[in-house]
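First the structure, which I've put down as structure tokens, then a few questions once you've had a look.
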Amino acid sequence: MAAVDEDLRERVLAAHRAILAAGLVTLTFGNASAVDRAAGVMAIKPSGVPYEALDAEAMVLVELASGDVVAGAYSPSSDAPSHLVLYRRFEALGGIVHTHSPYATAWAQAGRELPCLGTTHADHFDGPVPVTRQLRVDELEGAYEESTGEVIVEAIERRGADPLDLPAVLVRSHGPFAWGAGIEQAVENAVALEAVAALAFRTLALSPAAPELDAALRGRHFRRKHGPGAYYGQP
Amino acid sequence: MAAVDEDLRERVLAAHRAILAAGLVTLTFGNASAVDRAAGVMAIKPSGVPYEALDAEAMVLVELASGDVVAGAYSPSSDAPSHLVLYRRFEALGGIVHTHSPYATAWAQAGRELPCLGTTHADHFDGPVPVTRQLRVDELEGAYEESTGEVIVEAIERRGADPLDLPAVLVRSHGPFAWGAGIEQAVENAVALEAVAALAFRTLALSPAAPELDAALRGRHFRRKHGPGAYYGQP
Amino acid sequence: MAAVDEDLRERVLAAHRAILAAGLVTLTFGNASAVDRAAGVMAIKPSGVPYEALDAEAMVLVELASGDVVAGAYSPSSDAPSHLVLYRRFEALGGIVHTHSPYATAWAQAGRELPCLGTTHADHFDGPVPVTRQLRVDELEGAYEESTGEVIVEAIERRGADPLDLPAVLVRSHGPFAWGAGIEQAVENAVALEAVAALAFRTLALSPAAPELDAALRGRHFRRKHGPGAYYGQP
Amino acid sequence: MAAVDEDLRERVLAAHRAILAAGLVTLTFGNASAVDRAAGVMAIKPSGVPYEALDAEAMVLVELASGDVVAGAYSPSSDAPSHLVLYRRFEALGGIVHTHSPYATAWAQAGRELPCLGTTHADHFDGPVPVTRQLRVDELEGAYEESTGEVIVEAIERRGADPLDLPAVLVRSHGPFAWGAGIEQAVENAVALEAVAALAFRTLALSPAAPELDAALRGRHFRRKHGPGAYYGQP
């Protein structure tokens, strides 16, 4: 195993602090991870430890291929197998953030995909954010957390999307997973997802038949920020 | 009477600070208590004192059996008799938190039990959180606070539940009571209850017919955190 | 004129800080006042000065009988005449708080009285909080602010209530006025009004036909805190 | 070119801090600008830079006539062309604030103009806040940001309004733009717009047929604060 990037655990700690400050998590809900592809290792939150008590050392290193803990005094998040499934299937992912944030989780509990109703959504997600199918009883009773990862993969592949163009999924009856090329982008996408979930909630309360954003406008906004023609941000 | 645990009042103070910081209480709404079973004593908030003015000394010690104040310069919370009824009936309870929190109280005022619509709920409560029956006029006009305790007990026993598996009840037209093996768990359950009450409010706004969580998934989540097969948190 | 109580302006300043901290006001919305009956003087917020810039000296002293400014470098709140009408009509009032708070103002704009749906409401208001009638064009175009005070008085008198038992009114299309025996109680009532306005909003969303609190329970709660048989708080 | 006002960038920085503190923006959403008419220059947020990382030097100076950057190390906000269209068409504008604030953006996404339902609205906006028409495909695919500015101008001119009497527009499917005689007034109007968007959201939830404010009352409130007969604030 190559040496693990020195910053990996610090970046995962910073992500946890950011999602706490953004109001996306409370108590011990949620978890974030980042991967070091060269070392074949993921750093993730320890299970059940309050956010206020976390430090970089507390982050658990887990081998990507085997799922074994390779360093850390704690047990990893019980959701670690879901993260591993996503990192293994989608090579482009560098970080994953799972929360029970107030509005995105409501959409997940309602079993509704999150429609793209405005440019804030289109700036981050190139289409509606999908909701996973219900788990079968054998999945629930077996390797539950792996199965959660599998249905996320299914939801992205069913859409035929590049996972970095559609960097979030709502796990039905559970809550959102967001990701990015790095953990910093995963945090940004988790924050944006919650903002657009709240906007969409209010939009449909005001206008239950509000139309989805025109595809041309959606593409224009997504491409302002993403891909070769992007002109948002600094060169 | 055995000597009362030295930390008891400090822990009750910390609980009040925690529910204030979590936004569950304002003005002088709500109260928390913890019990020292060996000493036969409960420590509880003084009545009508603002949260900002509380210190450990202000917490009132009340004898569990008689309801008499055994130490403290203040009168205990007017809801103290409700707490005593719960401690006497349910031996497993170590702490109780009563709030008028924004969403759980709305469910109580609506007279609706809180359905289990997602895994956040199932992580803490093994089924819908019940709402008490309406008090009769003789109960209202007599020992009102004791009667409040009695209808909470009724709501748990009607469900046939272990009170630590269903650690909260909504008192109709009033607000939530939550509890735990210790006051720290009671605070956690009060915070979780408010979070799931808010999630359920938004879920039903998005999807009025949202189904309750499948019993298999609910059991899986509750058992991840509770009982002999639990694997959430640190060993 | 007797000497004005030294603390009067400090207490009015503290009230403004409290309603800002409680989230009841933003920008230059709202205003609070307190009266010194012996001196025949009211202290009130200067008009249009941001909350952050207020100090005790900025509070304007206005003679109760004439409405003339008797001390202060600023012009008084444009709503000062509404306050004067209330102080003149109701001798028991010692302080008044007017806000545009998020939920109470929504009820005022909806032109709906605030129903008593739970014990939190009954702890502070002995019945539904009334909404004023619409102003006539001659009232609007004439002494608008005095007329605002007059319709508040009408709303209380139409109910036959003691103003300290029903210490708030919603001014239609405008926002809430709350009061108390002192300005500290007026602040408490303004905070409680906003809390119960939010609770009632959510309660009716969950259960549009939620019944008003039983009169016996409402009386029980109000009398726990108010009047000769009160047993809430410290003796 | 005349020397640019020394304070211009400091004032634009202060505006960004104010809208962040007021909860109107998150991540890199939104942008504010101010104009120096004598110098023919606008100062605006750099594109995609987080609010926490902004300082006065980071603000980009753009020539009003040409749209060229005349000073600054960064690229200007991608929305800069929308701001330029507004400054060129409306001579009275001194500052512009664009946000994706939680409630105003929901109205924009719902494609509904914001009705005037109360005096808080009338204190700032002399009539409903309009929503722009949908952009045509050629506008979307061409000079998108200029077209956004054009439809804002159209919405104000269609109403026949003085832009300082109606200092905000909702851009359909996007979010609000607010402005003022100076950037400080633009910030105040953006904050007020979000407050009244939230109030109107709740008002219609309570009373879907709530009437618009009577024109006489609306005029009375607007004229209390604006124009030759204003008597709100300090002389």
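Every chain is named by a letter (A, B, C and D) in the order it is written, and numbering of its residues begins at 1.
By definition in this document, a residue touches a chain if its C-beta (ideal position, glycine included) is under 8 Å from a C-beta of that chain, and two chains touch if they have at least 3 such contacts.
In this text, all values refer to a predicted model and were calculated from it rather than measured experimentally.
Each step here moves to a touching chain, and the least such steps from chain A to chain C number 2.
The angle of the rotation carrying chain A onto chain D, fitted on C-alpha atoms and rounded to the nearest 5, is 90°. Distance from the chain A centre to the chain B centre is 33 Å, each centre being the mean of its Cα atoms.
Touching two or more other chains at once are residues 205 of chain A.
Working note: touching chain pairs come out as A-B, A-D, B-C, C-D. Against chain B, in their complex, chain C makes its touches with residues 22, 117-120, 188, 191-192, 195, 198-200, 202-203, 205-207, 210-211, 213-214, 216-217, 220, 224, 231-235. Residues of chain C that touch chain D in their complex: 26-29, 46-49, 74-75, 78, 100, 102-103, 105-112, 134-135, 137, 140-141, 144, 173-175, 201, 204-205.
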